[in-house]
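The letters A, B and C name the chains in turn, as written, and every chain counts its residues from 1.
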Amino acid sequence: MNRKKNRIILFIAIFLYIPLGLLQVSIDYLRKAEDLEGRMLLMPGQVAGSLVLGGFRGIAADLLWLNVEDFWHKGQHYKMLPLLDSVSWLQPQYITVWAIGGWHMAYNIFANVSGNAAKFEKQLDEKFQGLSKEAQKKAQPVMKIARDIMDLREDLQGYDAPGMAEDRIPSILARLDGYDAALAKLHKNPDIQPVVEIAQSLASVPREELFWYRKGIEFLKKGLTYNREKYDLYFELGWTYYHKGMDYANAARYLERAVKFPHPDYVDSVLAHAYELNGEVDKALAQWEKQLNTGFSSVAERAVHAIKKDGAFTPKRRRKLGLDPE
Amino acid sequence: MAILETKDLTKIYTLGKNRTVTALNKVSMSVEEGEIFGILGPNGSGKTTCLKLLLGIVFPTDGSITIMGKDQYSVDIKKNIGFLPENPYYYDYLTGPEILKFYGRLFEMPDSLIAKRTDELLELVNLQDARNLSLKHYSKGMLERIGLAASLVNDPRILILDEPTTGLDPIGCKETRDLLIRLNKAGKTVLLSSHFLSEVERVCSRIVIFHKGNLLTTGTLRNLLEEYQAENLEDLFVKAIEKFDRETGSIDKGVE
Amino acid sequence: MKKSWIIAMNTFNESLRKKTFYILLVVALVVIGASRFFSFLAVEDELKMIKDVSFSTIEFFGALIAIFTALAAVSTEMEKRTIYTLLSKPITRNNFIIGKLIGQSLIILLNVILMSIFFVALLLIKKSPPDLQTFKTIFLIYLSLVLMGSITLAVATFATDAFNLIFSFFLYIVGHLITYGKALLERTENVVLKGLGEMLYTIIPNYENFNIKDKIVVGVDVTWKYIGQTTLYGIIYITIAILIGIHFFNKREV
């Protein structure tokens, strides 16, 4: 063995660390530029933690996602939430998580909360009937507030309802604050306290409904920050604003962005509807005319004909747009 | 002319903190071309270390080795050497012909030549019937024989054998001895390390005796018997070792 | 080079004969196949699950094969003393190390190909044929496995099997975490720590460079430029490992 040659071999090996280091700088830059950097999250679960440590973020996310599905099927909706955060943190480009997470919040948890309203209404009635005549008289304002709350709830949902457009939300919250204050005052009367307490629970329902709707929107918007170059989350946001919130202005805004990327035909249809319901009938017409040669051509033809003839897609929509006098 | 020479060849192993073992101590010897050279010594005397040094498997602490006039680290030199280690072990998933092919290719022999040599060698070592058997099914004796065949695949000028008759029955030992003589008559130089004095006595033209890493004596059997006034090789062996122990009073143990 | 190739083929054939290889391969195929049984998930989730599990299985079991093959490369030859006969032949010690590297790279390649075929078959069954990004991912996984094997081989030339095994797995984990470690150290004011961090970041193999599987499954496209640079990184590091292995093996008494 030639000792000199052997030392040279070692020096070459050490020397090669220099180009290696420089190359690593370039790779680091590329990883940032191409969004290849992974995230580390110290998971409470040992399995997930060691998976993440071992570079198996994908599987860790999948396992957590299975748990989300499991909690959903068991009706344990609130337990899904931290897991949704974890999965979306591990793999922010996993669009399904954002889409389904947003749907769970704006629709499913919303519906869960909504179910409480009927329960509280029934309890309120029963409690009211159980009061003495005198107490019932004192409880009348409480019952009125309860009816107002139910009316407010009806305004939040339904095809013809004003909905949860962003510009309406401050006034809705203000009304709810007003009810809370009034009920707090009425609660001072010991004769009607049980009824007031149920009414207060009832008052929390629209507040919570609004909360989950807005949380779903926020979750989708957060997902959008990581997935700006795809139509999916623009559509999910647009659809949630359109269908759940009846916020047609925001719906149109996001759907306009969705159609800028490769997308299925139905996105264009929903945009057309959103334009129309937002009062932008000319834009709606133009949008329908674009679809005359697509898979939605039969719908588009009907829509174009109806709008040109009657000013709206359907008679119901004419009434909603206020084109027909009551 | 000496085909192989060592000068002051020394090997010291470091075993730990300030603990060293001298496996070979300033060994100078030469092997003439065409002779059968016997390397004798008790266990731990340095025989195998000497062979490993000659083959470049271990590296000398001091001294030099010249083989065919060249530095023993030259890869070309090894093309002329065949080696049979003590207790040979080969890739047990291979058959006899496959192991010969593997080694033959390392000698850059063409496959046709390897095939020819394989047939010859398997016949020579009497393993034709075990052609298709993988080495893991070989007995110890069969492994020795295939090892011998493997050491001859390149038709070497120098054959280095470390305890070649270990595990062989008496007939096998005789056959090996006859083979060595035949190979030597064909012009090969043989270095034979062995415990079996009778074997060495019968085949070797010159011998060297190692003890505790030191070369005690070297020469033809006749001259050494005269020098030590010994009756036979066994007597010579004992006397040479006793003489060394007396003269040196050394208690260092060599390492095989 | 020819002699290295001969040693490589011997290493490859020997590994093929080992039961460990087949056991690990079968277990890996079972795990990949098991990902199919998530049909209760929506179609796109099932595909993601199949891809995640398959890529991770190829990497994990590939790592086991890479490390164990490399461990056996030197130590088995020494234990069985086949190395004596081998080194007595007209080969250099460089031939031995390079031959072992090529041999174990071939066995890893075979393993990766077999697992990939199974994975691709699953995708085709789900009517979602693999795209170029899938093959880029598999290629980088393979390269990282060869790197892993080369480091284990290099360490095998001077360390015991037990140390090497622990060290190899330790390096696997650290190699994935090193990027985060560097990000953390960048926040420190301590110049010495920062410098140490930079040094370790260069020395420790950055396996995250090769880890694109988590991004591919969610539709991120990886450019050829990135593949090219990472490949070069792998080649340079493998060269470093092998040179270090050759250096120590040249000094090793067998």
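Operating definition for what follows: a contact is a pair of C-beta atoms (placed from the backbone, for glycine too) under 8 Å apart; a residue touches a chain by one contact, two chains touch by 3 or more.
Please read all numbers here as calculations on a predicted model, not as lab measurements.
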Review point. What pair of chains has the most C-beta pairs in contact?
Key: A-C
Check your understanding: Of all the chains, which has the CA centre nearest the overall CA centre?
Key -> C
Exercise for review: Starting from the mean Cα coordinates of subunit A and subunit C, work out the distance between those two points in Å.
Suggested key: 42
Practice item. Please compute the C-alpha centroid of subunit A, do the same for subunit B, then give the distance between them in whole Å. Key: 83
Review point. If you average the CA atoms of subunit B and of subunit C, how many Å lie between those two points?
Key: 41
**Study point:** Multi-chain contact residues (two or more partners), subunit A
**Key:** 1
Practice item. Note the residues in subunit B that touch 2 or more other chains, in rising order. Key: 59
Revision key, fill the gap. Residues in subunit C with touches to at least two other chains are numbered none
Exercise for review: Write out the stretch or stretches of subunit C touching subunit B in their complex.
Suggested key: 2-3, 6-7, 10, 13-14, 17, 80-92, 253-254
**Study point:** subunit C contact footprint on subunit B (complex, rising order)
**Key:** 13, 52, 55-59, 75-79, 81, 83, 85, 87-91, 93, 102-103, 105-108, 147, 150, 160
Check your understanding: Which part of subunit A faces subunit C closely enough to touch in the complex?
Key -> 1, 6, 9-10, 12-13, 16-17, 19-21, 23-24, 26-28, 30-31, 34-38, 40, 53-59, 61-62, 65-66, 69, 90-91, 93-96, 230
Check your understanding: Which residues, counting only subunit C, touch subunit A once they are in their complex?
Key -> 38, 41-42, 44-45, 48-49, 51-53, 55-56, 59-60, 93, 172-173, 176-177, 179-180, 201-203, 206-209, 211-215, 217-223, 225-226, 229-230, 232-233, 236-237, 239-240, 243-244, 246-247, 250-251
